[in-house]
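As written, the chains take the letters A, B, C and D, and residue 1 is the first residue of each chain.
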Amino acid sequence: MTDLLDGRPSGRLLVAGVAALVFVALGVAALVAPESQVGRLFGIVVSASTLAATLRLSVPIVFAAIGGIFAEKSGVINIGLEGLLIISAFTAVFGADLTGSLWLGYLVAVVASTALAGLFAVVCIEFRADQIIAGLAVWLIALGLAPFGSQVIYGGPNTKSVDTLGTVTVPVLSDVPFFGALFDASPAVYLMFLAVAVGWYTLNRTTFGRWVRAAGENPKALDTAGVDVSRVRYAAVLLSGTFSGMGGASLAFSIGQFTGNGPTMVNGKGFIAIVAYLFGNYNPVGALLSTALFAGLDAVQLRLQTTDLYALPDSLVQTIPFVAVIVVLAFVGKTRLPEAAGEHYESGEE
Amino acid sequence: IGGGGGSDAAARVGMVYATGGLGDGSFNDQAQTGIVRAEEDLSIAYDESQPESTSDFGTLQQQYAQSSDPDYDLVCCIGFLQADALTENASQYSDQQFMIVDSVVDASNVGSYVFAEHEGSFLVGLMAGRLTTTSFSAGAGSTAGDSTNVGFVGGVESDLIKKFEAGFTAGVKYASDDVDVQTAYVGGFNKPAAGQEAAISMYDSGADIVYHAAGNTGTGVFQAAQEAGRFAIGVDRDQSVTKSSYSDVILASMVKRVDNAVYSSVEDVVNDEFQGGSVTTLGLEQNGVEAVFGQDLGGDVPQEVKDEMSTARDDIIAGEISVPTDPNQVS
Amino acid sequence: MSDADREWVDTVRQRLIALGQTSAGERVLIAASALALSVFVGTIIVFVAGLVATCRDPVLTMGGTTLCYDPFFVFDRLFLGALGDPLAGGWSPLNPQFALTLRETTVLVFTGLSVALAFRAGIFNIGTQGQLVVGGLLSALTVLWAAPLLSGGLGAVLLVPLGVTAGAVGGGAYGAIPGALKAYAEANEVITTIMLNFVAVLVTRYLVTGPFGDPNSQANQTPPLPEVGQFPSVVFDPRTDFSLFALLLAFVFVGGLYYLLAYTAFGYDLRTAGIQPTAAEYGGVDAARTIVASLTLSGAIGGVGGAVYVMMILGKFQTGVPSYGFDGITVSILAGNNPLGVVFAAALFGVLKSGSTVVAFATNVPPQLVGVLRGLIILFVAMPEFFRLVGRRLAAGQEETGAAAVGGGADD
Amino acid sequence: MSRAVHLDGITKRFPGVVANDEVDLTVERGTVHALLGENGAGKTTLMNVLYGLYQPDEGRVVVDGEARQFDSPRDAIDAGVGMIHQHFMLVDPMTVAENITLGNEPRKLLGLTVDRERADREVRELADRYGFDVDPTAIVEDIGVGVQQRVEILKALYRGADVLILDEPTAVLTPQEVADLFSVFEELTAQGKTIIFITHKLGEAMTAADEITVLRGGENVGVVDADAVTREELAELMVGREVLLDVDRRPADVGEERLRVADLSVEDSRGVRAVDDVSFSVRAGEVFGIAGVDGNGQSELVEAITGLRGVQSGGVALDRTDVTDASRRDRIEAGMAYIPEDRQERGLVMDFDLVSNGLLGSQHSRPYASAGRIDWAQTRDHAESIVEEYDVRPPDADATAADLSGGNQQKFVVGRELARDPSVLVASHPTRGVDVGSMEFIHDRIDALRAAGVGVLLVSSKLDEVTSLSDRLGVMYEGELVDVVDPDAVTEEELGLLMAGERPDDVSRVTPTDGGTDR
């Protein structure tokens, strides 16, 4: 967990501290005057349903963030995560509709997203494409292709509705106040926690993970040690596709439909995933926590809208999470990114 | 996107839908059923376009108006956002017949169709107000009985959607003064995820029936209803049919017969009776709006509630109940 | 180690600069090949989609399988349609479709320049969209406010310039925020600008639903601007919502930006800071100030784009602004961040945008096709190495016949 | 004795250059072989061929009497060839053990997971065997270069290398560390290992090596026995002509104070105090040299003086006016010229042409710019005159800086800075990586400037450079100016001790703050 705190400790600690302070202040105020505005606000913040919503909203972001971590740690900056989420959200519904099985749809989505990531990898690693622009292209292609497909197949930018993943409820535990939400959630939420664990272990404990980090920090060192840098980077980028695919599918199956006009239902989650892992300092656990911060604010925001706590118009309330990210970033400042991130590596170059 | 039909068609119609596109299971799809019905009954031909942004409206309207091959006898503009563009184009293309839904464009070649959504919303509001105070269960949902609040989820905060909210709230208050309405505007007609979160938080804070006027955003509301084991009320079409996977939580739908507006305008064109400059208001009286009970749950709604709704309907038509169009006017 | 803590986006910058390093000639060749290749891939996509789709009037029926779309017709509509069928005879440059193309091009030139300027300063300004929205709203409000004060002739002369200025101020101010955040808090501007885009949409929506809304309209919009407060349409049919003045203004900005980059000390500072910040620092360039200045300027240009959108196309501000800002990124990249290149790239995307409405109207093919093409073009532009390879292959193959190589690669 | 390595007629071409031209190289087992040559002579390329990083266009690689085809370093490693590169190939954020085992990690759990305990153990054992003192669990970026070098050597040994190639291993070491390294060489050769090391430095080649092969322009111009050759002979072999190994300085009369540094303290980018209460002054017509091992605060000191880094306390005065808080631009305009240590990071904009680079630092000042507008004609003339006067190759102002060789880049930077006719010149490692020919020229220019009454601050880790150019010589150790000595009186050994932090008492000191005895 300390990994989360190095890099820009001052900033991160500051943010964490401020968050904690605000929380405590709210709590105290709530005890003093449970019926006051703050009191009720606190009630909202610590309600199980807020936690549940936070988890739901976190799922696609966390998956994409973990994928992004692998790609970038290996030296390939993948800002196409948004596109990977979009393509997998659509193919998930299409697949489920075609096969009649959610989990097959899930598989289809993962395959599609991994394939798109593969294209990205070939373009970047084989043809030394500019990673940022290629990533942008991945986003734009998906942004066009998914609604295009939906139009062709369903006659509109929105697909038909399929089933949703529903929720898995752990008896007893789910009745615990607040934390009960952790045990009464969609399978996607459990998958998310699994992914965080697997991601962390792979990155920090396995040979592959070590090679990934070396490929991003000093590819030449890895190369001269006799490991094929391109292979490692291919694997890492494909992984980013796989994880993002799970994220996109989970997103689509949370409401059982893909909606494709404007920025589509993904609506910037892929970019927020980048914020998440930068703020999380490339640590899957860190990414999970920073996502929770963002998603939590979003959940609170959605709840505030329905209460009569304050006079603010909904449009302005909806800005809270975005403004929060900006403020957080202003405190955290820059993150140390892998030395060779973004740079093409050609074996045998002096 | 093109429709088809031959050149022997009785008339040719161009459809410009609202942004949000087909497949929203409500507004646009409802308009489409109207034109499809017209194609079958009146053997007309039509083409349709789905704009991606408001600045496309003008262009697409113009394209139909300019086109000489084929020549369009009528251009249907679905949605109030098209009003401004149409006001301009109507005068520019004075020999082209247009119709617009949900807004009034004052031009001799435009037929305007507006709906009294507040009237229909009043009836479903009344139903919601009654059922939330009695303990009632059907299909996958049930009401707490002691609960005293219901919810409304709007798409984009605008005068039109506020008419739904106003009517609904008025209906609820009419049923019982001490039932509150939680409202939320998620800021889009195609944001099911946001709709879902908004509805869930309403259910969590005691609401057991949520009414939406939010196009495809409503899908999320139904989803939330199913997860919470509560009820929802659909809009624009009988959504217990169009979104049948949710028919076990959809008590009723405030159907808005956009299809009728489209159909009758086309019919008028075919019979050379098209009234440019006319404003047709479709309320309960004209069956332009109506409260349609869900195909699965409709049967379970207590008869006395149904009766009360139909009396209210008559009173509204008779003008004995006046339904506000602005939430702030709800007493 | 100075570069140990390079900011995420510094790397982004270097990668982008790298693109600018290919020689101008090669850049053009690559752009052209990218376009051709994406059209080719697009054709395949349309063909496949045509087989998958079901429709009432297939263009082709072979036994059980039907082909719903005719790829060649689609691209004929997309490109020729956008120009108003120059080959059809009786073509006039004033035809409405061509006007639409120019109209879209005009706005895209501004957004393209906005992004290009930032790129040149090593800043990845994804926020042009938000800056355009804010600039657009401010110009609308300013014109509405000033219209009653400036009566008659005075209004006709002053309102439009006033609106443009307001747009610049609004966009500039909104661009200065991420600028300051980057310069003084080291906040990654890629992220801050993306977030600010969301904020801009929400805040402007609030403003036009609430305080500044049009009471006589259902839509979330300001009241319509007076005629004098809009770009006058000359030569072209007024109903096309296109004004040559706006296009002219765009060209003025292109020239101005080229001059700024090439012939002014500030431009030199800016390019140096963009291409090699450490050297800029050494050369006496105040990095922080340059960052703020360039993002402000970039935002201002985007804001002017918004003003043009409001005062030429819509005649009011309304929520749901098209994604001109994001298209600006693709325009700038296609142009290699070169002001002059922006004109051509913007023209291409103008054609695509206007063509897409023709496609939507004339065929069954979903207009999102254009979105796909946009993505493909950028993808191919991003991989010059691929074309160099092809170029070298061709060159090698044609050595004997002495034909020239395609795809350049001359200077590597 | 048997041949450990035999390179036979190796030719390696790069676009535009023949890096190696039919080079032969023979190294006996258990010996130390030095590869000597100017920049760009082809030393690194030749070794990269031996290490399988490059495939030769012509020629054979023979290791252990067996002709080999190395397609990748992996093959070379398998054949027992290990290489320590000029720029260390270490992953900074990883531990010593992680680096050493990278690619050969001991594994557990179905071979998926790294067995870190075992890795640490094996590395510790290996280090003990060769008497290296390294902590397997230390993070590489936290340990000194000397240790990092040992890690590199261990890395090669861990892979079972019998032949060790070291590319300019001494470039970054103190004289003491160099001595230690050479004793490591003996330890290794005693255990039957074979060592090939690349260097520019004649002295080192002669002391450490048994045999020396000299490359020039990609060709092998001679193999000599280290004990039977003189420095002069070697230098001539290297450069191809006679070389004056030290400068004969013009007479210069010391004038008033140009630069004063008072009680200056500076922190580095990690927030660690890098310059600790340093004071000295430089007067017109004198060169104040600063010697020291890299990383003892010289860089931070120079950056603070030139305005690239903020100061914690103390001050800097230029021509008796306080410039402590003046911006970089103000200092340039006040007449401070600066030859930065890293020409490619700071001194030049690599993607600009020389025309645009000649403008760097003057973009706001006449005659090159007026009213914010750049006069490109003037700028071009300026660049062309630098190119001509300093014999920059290729002689083309439109060439992109990146296309110039390191030496020529340095000549252009020096030319541009001297052309400011400054009152103070701050020169940081002005001849780093520059070959003997260009070095001679740059030294002469700096001395000419001194004669013309400019105050010169010269920072360098090359002892012969600072001693031969300076009038007074300060030595920095761990951020402190440990001593200021008379370069003509001090010996290499004394300097070495000072640079290592010790203070022999019999060195001839001079005062830091005034010109000392005029000579």
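Note that a contact is a pair of C-beta atoms (placed from the backbone, for glycine too) under 8 Å apart; a residue touches a chain by one contact, two chains touch by 3 or more.
For clarity, every value in this text was computed on a predicted model and none was experimentally measured.
Q: Among the chains in this structure, which pair is joined by the largest number of C-beta pairs in contact?
A: A-C
Q: Provide the C-alpha centroid distance between chain A and chain D, rounded to the nearest whole angstrom.
A: 45
Q: Let me have the rounded angstrom distance from the C-alpha centre of chain B over to the C-alpha centre of chain D, please.
A: 76
Q: Quick one: chain C and chain D, Cα centre-to-centre, how many Å?
A: 47
Q: Please work out the Cα centroid separation of chain B and chain C, and write it as a whole number of Å.
A: Centre separation, chain B to chain C: 36 Å.
Q: What positions in chain C touch 2 or more of the other chains?
A: 4-5, 202, 205, 209, 366
Q: Which residues of chain A are in contact with two or more other chains?
A: Residues 151, 157, 313, 315, 318, 339 of chain A touch two or more partner chains.
Q: Counting only residues that touch at least 2 other chains, which ones in chain B make the list?
A: If we look for residues of chain B contacting two or more partner chains, we find 1, 19, 50, 52, 157, 187.
Q: For this entry, which pairs of chains touch?
A: The set of touching chain pairs is A-B, A-C, A-D, B-C, C-D.
Q: In the complex, go through chain A and note every residue touching chain B.
A: Within the complex, chain A touches chain B at residues 47, 49, 52-53, 56-57, 150-151, 154-161, 163-164, 166-167, 251, 254-257, 259, 261-262, 265, 267, 299, 302-303, 305-307, 313-315, 318.
Q: Using the touch definition from the top, list the residues of chain B that touch chain C in their complex.
A: Residues 1-4, 19, 47, 49-50, 52-56, 58-60, 62-64, 66-67, 80-81, 83-84, 88-89, 92, 102-103, 156-160, 187 of chain B touch chain C in their complex.
Q: Would you tell me which residues of chain A are touching chain C in their complex?
A: It comes out as residues 77, 79, 123, 127-134, 136-145, 147-149, 151-153, 157, 260, 268, 271, 274-275, 278, 313, 315-316, 318-319, 322-323, 325-326, 329-337, 339, 341-343.
Q: For the complex, which residues does chain C have touching chain D?
A: Residues 1-2, 4-5, 17, 21, 263-269, 272, 275-276, 278-286.
Q: Tell me, which parts of chain C touch chain A in their complex?
A: Interface residues on the chain C side: 3-8, 11-12, 14-16, 18-19, 45, 49, 52-53, 124, 181, 185-188, 190-192, 194-196, 198-199, 202-203, 205-206, 209-210, 329-330, 333, 366, 368-376, 378-379, 381-383, 385-386, 389.
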